[in-house]
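Presented sequentially are two complexes of subunit A, the first with subunit B as partner and the second with subunit C.
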Partner chain A sequence: MATQHSRSAARVMLAPAVFLLLVWMLVPLTMTLYFSFKRYLPLRGGDQGWVGFDNYVRFVTSSAFWPSVQTTLLIVGGVLLITVILGVLLALLLDQPMWGQGIVRILVIAPFFVMPTVSALVWKNMFMDPVNGLFAHLWKFFGLAPIEWLSQASMLSIVLIVSWQWLPFATLILLTAIQSLDSEQLEAAEMDGANPLARFGHIILPHLSQAITIVILIQTIFLLSIFAEIFVTTQGSFGTRTLAYLIFQRVLESQNVGLGSAGGVYAIILANIVALFLMRIVGKNLDA
Partner chain B sequence: MGHIVLDNVKKSFGDITVIPPLDLQIEDGEFVVFVGPSGCGKSTLLRLIAGLEDVSSGTIRIDGQDSTAVPPAKRGLAMVFQSYALYPHMTVRKNICFPLRMAKLDKAEQDRRVEQAAAVLNLTEYLDRRPGQLSGGQRQRVAIGRAIVREPAAFLFDEPLSNLDAALRVGMRLEISELHERLKTTMIYVTHDQVEAMTMADKIVVLQAGIIEQVGSPLELYRTPRNRFVAGFIGSPKMNFLEGPEAAKHDARTIGVRPEHITPSPSEGVWKGRVGVSEHLGSDTFFHVHMEGCAEPITVRSGGEVDMHHGDAIYMTPDPGHIHRFDGEGLRIA
Partner chain C sequence: MARTVTTQRKSLNTAIAWGIGLLIFFPVLWTILTSFKTEAEAIADPPVFLFFDWTLENYAVVQERSDYMRFLWNSVIIAGVSTLVGIVVAVPAAWSMAFVPSKRTKDVLLWMLSTKMLPAVGALYPIYLIFIELGLLDTRTGLVIVMMLINLPIIVWMLYTYFREIPGEILEAARMDGATLRSEIIHVLTPMAVPGIASTILLNFILAWNEAFWTLNLTAAQSGPLTAFIASYSSPEGLFYAKLSAASTMAIAPILILGWFSQKQLVRGLTFGAVK
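Up next, the complex of A and B:
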């Protein structure tokens, strides 16, 4: 795209896509902003006029706000931690030549294709059910009292379910990154006297840093807004109410669109703060 | 020290035997070059010595010790890879220092050795750069630097110059030879470029399909190639081979004469032909001569500038003292 002509042609050709994206993003955003300044209760009088920042103040001062932010960050952090660590280990494992490699790889990727609602239901009913769940049977087999996962260890349960869904994604990205590592580098390190652990720490992990960054950034975007897993399992009780879930409750359970919209704007702000921090911490890996 | 003995070493990948049982002895301080066509097993042989591949059978002794099962790091050998295999996320200093860090040398000693290696290789200004910010020749030197700081018993080079341009290659060739003069450490050098082999080696090992065809000094191989393969491989341009009646005159199946041992003349000589392509290099001129009864054109060297052109008749006289004779199996007839 060197010449003036080809550049302007490129702009013209890009225009429809850019326009579509803009509309796609701007319409919902404007509507959210619009409603957030209104008192709008669909079943109790409908649109009742402008209220200024009332909704914003009410949303933050509600006792549920800060815990929900905390819950959101905990879930995001927990899932990131589990998926990145296990993802690296699984990728290392899958990179080894072994029998039935193709099938094993497909099996590892499979959870990613299961819809969140379905996987949450499967976990809830087949694994974590305190009476019939597999975990309950396992616990009983060892003579222990079964855990009521979703109420006693609600956060852990949700983090586990979501991690299970996102692990394939992390593994896949990290596996391709590992496969792109020049094997001569590892051999050179071996000749240089690096044991397997040192080779991992000094060669493989730095090589993976870029891929890990990408995994973290992409997963964060999606994890900030997880919903189905909570809706299907705890319905936001037992301290699992995330910001997204709180907004859902305000809009649909309390039928307060204005308040929910204000929450939506806070969610945008939270996402941006998180993104800013992440870019600060890991973003420099993307330059290399 | 760096005395390496291969005893009956064999290597197979599955059913394919890449290196049939082979014996080789490398003396301490020697510059040994493995040379041969692509795919003949040079890299494999080097990697066997390095310990990066396991031998299928046979033993490798380094300084008298059986090292066949010793892991690569413990063999005291350093390797320079064709792709350099520098660690991209580390600075040049850290790259060179890496083996010392792994050996847990104390910090002052690490710094001393890195500085020293950098000085030897003219890398001092680049110590704080990353490999990505260096030219090919500089990267090559970093790779060599990483090898020399370890003070290994022997250096292993796998085609270290093949990624460099022609001018730089000549320069690095000299630098490596000089390094060998200075360090007096055993070096094993793999290449498929016979010029590199001739100019650098104390001892050349010519390989073909995993078999050692001949071992000897560059001049030995040049003067008395053991068979047709070595004769054709060593020397540039290639030796000319003649069969049929010309060979029969010398009681051989094939005779070989090097281009530099044939005197061309416009008027008289033993063989007569017609000039095809001529290559003028300034100092030398090479004529490709088409001769009756010969499928391949014969290459003839003539010193300086000679006034002969495409299509001219040319007469050639081989130097009788430099005619190589080979029998039906391609072996040299003494």
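Up next, the complex of A and C:
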């Protein structure tokens, strides 16, 4: 039983963390909201007064908006599709008995620990470079003309790079989930004559559904704001300008803070919709 | 009960898994190999895999030319200090929520999580402006503060899930014996919490080391960590594969090694205890 004394002590102990996060959340949020209702160009005349919802309207009606939404959805969707499907297959594979399982796990997980700027640069130069990249050598070996990956197949290239970074995450979480599966249930099904596909569909997949949902939600939140991968490869050209990158350009490159802030508010709303689903699952787990 | 499998089946599994594992790891391996080549060999046509004159020259050049040590030191300071400050703030918070839960504990935890979900671009300009006003732009202090704040929710959550596994009866017993809150924390809780705290430090050090939005936007020559150092190689004149590889290998090697120890923590830390 917690005493009155320990209760108030607990509140004191919790306070610094809550205070810091409250400031970290409220101050930028308030400022972004404030700027989003102003015409504010720091390098060209500064604060030019209130403009109502003008920035919000201009942000969504600008010609860059819908392409950026499309790009964002394609990248997020493409990476999710690849990492979840391959992640399930890889997790199933890694769960099988084999020699050197620990080492294989290490090999598979490694990309997650490579910093985003390194993976983007290594892929860009050493694999996707149309002259010296390994892909170019491979294409030439088969008598094909090398592809200029980051301009001709820019979206595919970005999706490939980001998928490589996130596949380990999906695999690791799904593997953890598979390993918590009751093996007796699987054996019983096996003895009842259920074939591998049926065992997968009726036992493994339902068991994995929550882990898959979590992988999807967490990755979506991180993928919505990928930055370095685009910053060091295409700088947003060749149709790779995501919503987050567009906001970055509006705010820092063209210093149209009002417009960029309105975009920021949209991004916050979008992320919150996804976060809401994630929090419901996490919250349910807290009660258990 | 372990399922029995034939040696044949196991061999097949092994072959497929190693093949795929090596394929996924290949970009890292290729970077490491290239870092030991000369620039000419790095772009040789056809590419050379293992049979080249191994050299350490690139490592020497990278360190000399671009002040690698300063960037490395910045990375160590930013990731290290932000993690430690985060731990100092988070341990009491997680402790109080794990052992003296109230009606609002769940809401507080979920709210903390929600702050992690805010897209960084939404806060970019305000933070940029505040940094200019306070003279924090391109300083390690500024980055330590931001890095601590963006990782604080994960630190609190991880610690909370670890602390919750410590049986409450032990604390009850200590209280019965008249232990004060202070001695309860120092003598009873701390020894049991150390493994969890260590895991939390490890994962958050990795996350801070690899963070590449704020480090790219809030630093320049002075306080840039390795993420910014590597990004500076993206300019066309920096296209020397062997040197790029040497710089990359040095930037990722410490984290690859730490990362291999933190697989379990990764799952716990990044799924907020929802997958165990």
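Note that in this section the second predicted complex is superposed on the first by the 255 of 288 C-alpha atoms of A that agree within 3 Å, B and C clash if a C-alpha of one lies under 4 Å from a C-alpha of the other, contacts with A are read in each partner's own complex, and residues count from 1 in each chain.
In this text, a residue touches a chain if its C-beta (ideal position, glycine included) is under 8 Å from a C-beta of that chain, and two chains touch if they have at least 3 such contacts.
Keep in mind it's a predicted model, so treat the numbers as computed, not measured.
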After the match on subunit A, would you call subunit B and subunit C a fit or a clash? fit
Please indicate which partner A:76 is in contact with in the superposed arrangement: first for subunit B, second for subunit C, both, or neither. neither
Mind working out whether A:212 is in touch with subunit B, subunit C, both or neither, as first, second, both or neither? neither
In this superposition, the partner of subunit A with more touched residues, subunit B or subunit C, is C
Check the residue A:203 against both partner chains and state whether it touches subunit B (first), subunit C (second), both, or neither. first
Touching A:117 in the superposition: subunit B (first), subunit C (second), both, neither? second
Which partner does A:170 contact after superposing on A: first (subunit B), second (subunit C), both, neither? neither
For A:182 in the superposed arrangement: first (subunit B), second (subunit C), both or neither? first
Regarding the shared-chain residue A:282, is it in contact with subunit B (first), subunit C (second), both, or neither? second
With the two complexes overlaid on chain A, check the angle at subunit A between subunit B and subunit C, Cα centres, nearest 10°. 80
Touching A:262 in the superposition: subunit B (first), subunit C (second), both, neither? neither
For the superposed arrangement, tell me the lowest C-alpha distance between subunit B and subunit C in Å. 6
Based on the A-chain superposition described above, do subunit B and subunit C contact any of the same residues on subunit A, and if so which? 184, 187
The residues of subunit A that touch subunit C in their complex are 2, 5-7, 9-11, 13-14, 16-18, 20-21, 24-25, 27-29, 31-32, 35, 90, 93-94, 96-101, 103-119, 121-127, 132, 134, 137, 141, 164, 167-169, 172-173, 176-177, 180, 183-184, 187, 210-211, 214, 218, 221, 224-225, 227-228, 231-233, 244, 247-248, 251-252, 257, 260-261, 263-265, 267-268, 270-272, 274-275, 278-279, 281-283, 285-287
Report the residues of subunit A in contact with subunit B in the complex, numbered from low to high. 182, 184-185, 187-194, 198, 202-203, 206-207, 209, 288
The residues of subunit C that touch subunit A in their complex are 1-3, 5, 9-10, 13-14, 16-18, 20-22, 24-25, 27-28, 30-31, 34, 43, 45-47, 89-90, 92-93, 95-97, 99-100, 102, 106, 108-115, 117-130, 149, 152-153, 156, 181, 206, 209-210, 212-213, 216-217, 226-228, 230-231, 233-234, 239, 241, 244-245, 248, 251-252, 255-256, 258-260, 263, 266-267, 270-276
Write out the stretch or stretches of subunit B touching subunit A in their complex. 50, 52, 71-73, 77-79, 81-83, 85-90, 98-99, 102-103, 146, 150
